[in-house]
Amino acid sequence: MFERTKETKVLRDPIHGYIHIRYRVIWNCLNSREFQRLHRIHQLGGDFQVYHAAEHSRFGHSLGVYEVCRRMVTEVDSIAGALSESEKIAVMAAALLHDLGHGPYSHFFESIQDISHEERTMRIIADPASEVHQALTAEDEKLPQEVIRILKHEHQRPILNQMISSQLDADRMDYLLRDAYETGTSYGTFDLERVLRTLRICDDMLCVKQSGMHSIEDYIMARYHMYWQVYLHPDAKSYEMLLATFFKRYMEINEPIEVFEPLRHPLSNEEFFLMDECRMMYGFQCALNSKDAILRDFADRILNRRLFAWIENPNEDQIRQLEERLKDRPYYLIEEPEHKGSFLPYSEERSKIWILTNRNELKPLSQCSEIVRALLKMEDVPEKRIFYPKDIAIH
Amino acid sequence: MFERTKETKVLRDPIHGYIHIRYRVIWNCLNSREFQRLHRIHQLGGDFQVYHAAEHSRFGHSLGVYEVCRRMVTEVDSIAGALSESEKIAVMAAALLHDLGHGPYSHFFESIQDISHEERTMRIIADPASEVHQALTAEDEKLPQEVIRILKHEHQRPILNQMISSQLDADRMDYLLRDAYETGTSYGTFDLERVLRTLRICDDMLCVKQSGMHSIEDYIMARYHMYWQVYLHPDAKSYEMLLATFFKRYMEINEPIEVFEPLRHPLSNEEFFLMDECRMMYGFQCALNSKDAILRDFADRILNRRLFAWIENPNEDQIRQLEERLKDRPYYLIEEPEHKGSFLPYSEERSKIWILTNRNELKPLSQCSEIVRALLKMEDVPEKRIFYPKDIAIH
Amino acid sequence: MFERTKETKVLRDPIHGYIHIRYRVIWNCLNSREFQRLHRIHQLGGDFQVYHAAEHSRFGHSLGVYEVCRRMVTEVDSIAGALSESEKIAVMAAALLHDLGHGPYSHFFESIQDISHEERTMRIIADPASEVHQALTAEDEKLPQEVIRILKHEHQRPILNQMISSQLDADRMDYLLRDAYETGTSYGTFDLERVLRTLRICDDMLCVKQSGMHSIEDYIMARYHMYWQVYLHPDAKSYEMLLATFFKRYMEINEPIEVFEPLRHPLSNEEFFLMDECRMMYGFQCALNSKDAILRDFADRILNRRLFAWIENPNEDQIRQLEERLKDRPYYLIEEPEHKGSFLPYSEERSKIWILTNRNELKPLSQCSEIVRALLKMEDVPEKRIFYPKDIAIH
Amino acid sequence: MFERTKETKVLRDPIHGYIHIRYRVIWNCLNSREFQRLHRIHQLGGDFQVYHAAEHSRFGHSLGVYEVCRRMVTEVDSIAGALSESEKIAVMAAALLHDLGHGPYSHFFESIQDISHEERTMRIIADPASEVHQALTAEDEKLPQEVIRILKHEHQRPILNQMISSQLDADRMDYLLRDAYETGTSYGTFDLERVLRTLRICDDMLCVKQSGMHSIEDYIMARYHMYWQVYLHPDAKSYEMLLATFFKRYMEINEPIEVFEPLRHPLSNEEFFLMDECRMMYGFQCALNSKDAILRDFADRILNRRLFAWIENPNEDQIRQLEERLKDRPYYLIEEPEHKGSFLPYSEERSKIWILTNRNELKPLSQCSEIVRALLKMEDVPEKRIFYPKDIAIH
């Protein structure tokens, strides 16, 4: 039904060996300008300021999520047998396209615009002017809406939603392995082969055979370590604080920098398309010549890595000192917003990982794993971090 | 003072890249017949019956422990500066020789002899007839006793004892990485480089800088996973049960198999030296011709991998069925001795891992790590396993 | 037609991730006592005396060859489509069983018996008393002969013969990767994924698409380096010389060592089955008490790694010195037989690797690859090596 | 003498584990804005259009070359003992800074400016306005000139020049390993540890002990394969042809695009500093609105990966067809300049790799290695490639 590519297209990939593409619609999505733009959005925001090799973009990650998803729907018999070809296409397309809506420096960008990257992704897919929309429609009129339904977590088949976004989804499976590889750390590694081998579908829910439970424990710990060691690293956050502060100042004064002007109002899809990290960097170059000393300073800090210093859980006295010494420099004492829940390795509050026991019962992971049960008892004690210029010495 | 080898001797090693040897005494220990014998003792007992590639011996592991220890005393400035050359030699020799006293199938062997492998190791080192003793003495009369003191955990410098045996010792650091590599699993990996980089010595205690705490958490999880996935794998245990039962029977009947006869009494060092796994295998070949049907059957099972089936935590009914069906075959229903504590990833009951905080205080790991604190709350619920022939079907 | 296992059996493997078994006949061959015996035959003979970690046996390698072959017949569309199910089973069984006939220390053993390991393999498969024969026959009466025909290179479908033994066969693809992994060297690595992806079948010949030619060049170099760095390493050869000389002496004197006595005449399959490396090692232990001083000395050297020294391409004067100094010790000056051709990375004399060009023509590799053409011009200058005891000093 | 950093600074790196920095001057160079700019220059120009994961920049590579060089001058005893501290600093700084002068898309950029990247690097280091110049001078007035002398290959100590640029230099050692890692191919791997272990200094020349010769052969093959498989990949070249053609057109018409205007004349160091790949990308965005249709088309092709098709070694007829069909589109038939010599794995014309034989003689590699001798006989038959739009079909 769905048109195949002439032969299987393969793309060399350090994480999965090869990415395999067999459907023309997937190939066309990959070649759309909206997808190609992902080469210009770092996967890890400011993390390459800490892990210098982590310069990879959302392009490779998106391909990786697609590949994990493709393996789920073709190599896991239990899933392959339960889905129609058109459901498989829809979920693979959703995997490939799920990050289209990321702006520069990913999560930072959401803080200066009013819509989430998920919402933007859906707008792009729904937009008849976008090349991805056209690629999907060329195959099947209803495909854009099917993909959006999956991304919204509203598809009538829960299994599709879960494959893209849940506590055990293709997205995380790829990014943990990829980010570990690119940073050069070993924390994010877990046994993907075994996880895939033990995946099952049961009552239209994604679950894991009991014999795969230890790989799941390992995966959860991998995620936990990546959060602490990479995603929430204070120097990476320091860089993102510089970005945030630059734009806070920019919005408060009236001096226009041409490439940043669109940011003063909600962006159209076309404006969003152009707003990649290259454009941002050029904007910071322009800001080096701004009349505003604060913009000039932050642009220099961003371009040339003059990061702020930081303290974790500062005491009263330290805060007092910093406030005293920076009382005339309002943009230079920055408190990071709390990362609620990020410091917990696993929670079953909103959704669960399901284990299919040897007696064919579905149980939440925490009922099967001694160690996960222990982890659930961890308290969420987010560290509070405060950032300030390195030339300020406190004791 | 201590004689050097002409140039650094290097041995290619898959885990550490190279093993580096610079002292003649180490080189001579390595070339002793007692050390060479370790090539004939599997590192993982019966685990190659499950993980077919895990055929490595205690030889490579012993070199690996030596190498980790060598790096500690030369590359970790804080340790290097605190030890005399003679203490460094002693601890490196202890690392190299710590497993000399392992009998065939390692831990199994201890169950049929009255002394532990640690005790045997010390007897060999103390024995003037052994080549290792002679190698040590040739360098320094007191060296054998120094090494023994470290192995006994009685050296006056606690740091030396801890490097060889503690919750964070060179032994574990090597075996986790090596066993993961050889089995082809990823569970045992942790960041050895980072652990070494953050080791410190403080009050003559081994400790870890706070910035290395996450690698320690990772190391603890690695150990936990290796226990579950490899060391206590039921099929590996099944093989060891066969060995144990063979010898239980052998001791109870009177038919002599020449190579096994010495096992009826405590072994001299010389007898122990000859008792390697090759000799055992030959003995099982001989037992294929035994007049005793039970010996014949177990020898066949051992040589040709006819493992028993097993049930974890059998219920009353299952036990009753098995007892009923096997009531005339007394050796064929085997209950595994409990592995108390093995199922816990970390405990601070007997010893602790110490963290050197950013404020230069020594604290037990559990006071610093949220996740370790959670793990300490895990209950020790050892699985009870029961083994029986595969031709017995129960429901 | 052919019976499947209940579910896919998977075995963890460090080289291929998992070994996948789907047919009952393969599973039963694997569980035969002849196959289990391979755990007691080192893959690399005396190489673990140089690369201490290379202690792996022919068991894992045989599984690996099977797995490469299985991937060829299921994942390479061009091959999968050209073979019947029964041909696939036959070639996979041939891959699994091709090394059954290896004696202790592999190639050495052939020098003291009159039949090659290939010949022994076929005798075992043809022997109605062997468990492999029974496993094959249980599936299909004709299977043993089919397998033998492939191993003899006489199957009517040349493609099957080539998959098992040619310049580009499953055997080499596994052993290069595996031996590199186990020794801890990087020389043997090449891109198996890409080689598999570019394999084709053409005129019932195995060939490689031109786009895979560089992986083939890489594979050829990998093989070349492994020969020089591992397979022909002088210290490994030194060990094998000790074995050969021990038995040369043993055959010349009359003192019986029970476990070695069968070697005085051609072995039956049953005697061969028992003749594993464990039995040999036990025999060397016995020889430590021989009345013959030469046997005692060589047994000690073998057990305890007292290797001979060696010179490559000795000059006249060196040979004269050694002959002079060893004139009363006839067994102690050993010249290695020449390894003709082993030092050449690739030759097209007996068989070729075929390239399928972009214009769909079949050409020998040397006509396509500039670099291989250059390599063919290399002269075969085998090094001549001479071995002697380390206590003999020459200048 | 030279000021140390307070403690060793370490940066996590996927290739070398960690980058170690112990001197303040190196640390300050690293923090200069000229060095930070390297994050905005891809290491592999257009290769990420083929190997999607190869998005790494010259920043990590420069750190890697520094680290290899640091290991040479500290871990290779023979080199460490032969150099003064100030020579070591100079060569490590040269290693770190050797790529400062790379413009966008590296080698492409040289084609549109009149100076080589080497010349630009030296100008930046010599420029009192540059932060690297200031960092070097702060440590030692003469350091900039010392570094430049090394980069010019004119330092009075040849060993320093060779470490940075020769057939066996720190630059290649890092880029082969790094580019292999980032592309996810295995071609570029060789045994760096062994190469470093066998490096020696002899007559102030870098050479390799004979026992390391096989690793050198492997390194040479690695380089050869990387050229064919990665560096000269036609799709990567296709992308660079688009860039070149865009600027060819841009220079011929009069429509200004602000960010590209400086390229019309030789760039000052300050202009060069701003000319990074982010700025270029923004320029292509601007060009999407150009009045010139050709500029618009090429900008779209560059941003959205509409690559040209290509033919290798086209025949007369193919060329004729293309010329006919593209006769009205002068920019759309592109012939690639020849890569003379790139297709040869090794040559001794301009410089040699030296082997220190077991008899302590220095010989060119080709006299020692049979295989390299064969490679020298390869003919340099550069492929001629021609590029054209994919919508042109020829037969």
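As written, the chains take the letters A, B, C and D, and residue 1 is the first residue of each chain.
Please note the rule applied: a residue touches a chain if its C-beta (ideal position, glycine included) is under 8 Å from a C-beta of that chain, and two chains touch if they have at least 3 such contacts.
Quick caveat, the model's predicted, so the values are computed rather than measured.
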| When A-C is set beside A-D, which has more C-beta pairs in contact? | A-D
| said: Taking each chain's centre as the mean of its C-alpha atoms, which one ends up farthest from the centre of chain D? | reply: B
| request: Go ahead and note the Å separation of the Cα centroids belonging to chain A and chain C. | output: 48
| query | What is the distance, in whole Å, between the centres of chain A and chain B, each centre taken as the mean of its C-alpha atoms? | reply | 42
| request: Could you please state the distance in Å, as a whole number, between where the Cα atoms of chain A are centred and where those of chain D are centred? | output: 32
| task | Pull out every residue in chain C that's touching 2 or more other chains. | result | 17, 185
| remark: The residues of chain A that touch chain D in their complex are 11-15, 17, 31, 33, 36-37, 39-40, 48, 51-53, 55-57, 59-60, 63, 181-185, 259, 274, 276-282, 285, 303-305
| request: Name, in rising order, each residue of chain C that touches chain A in their complex. | output: 10, 17-18, 193, 197
| Across the complex, what residues on chain C touch chain D? | 185-187, 189-191, 214, 217-218, 221, 224-225, 228-229, 343, 345, 370-371, 373-375, 377-379, 381
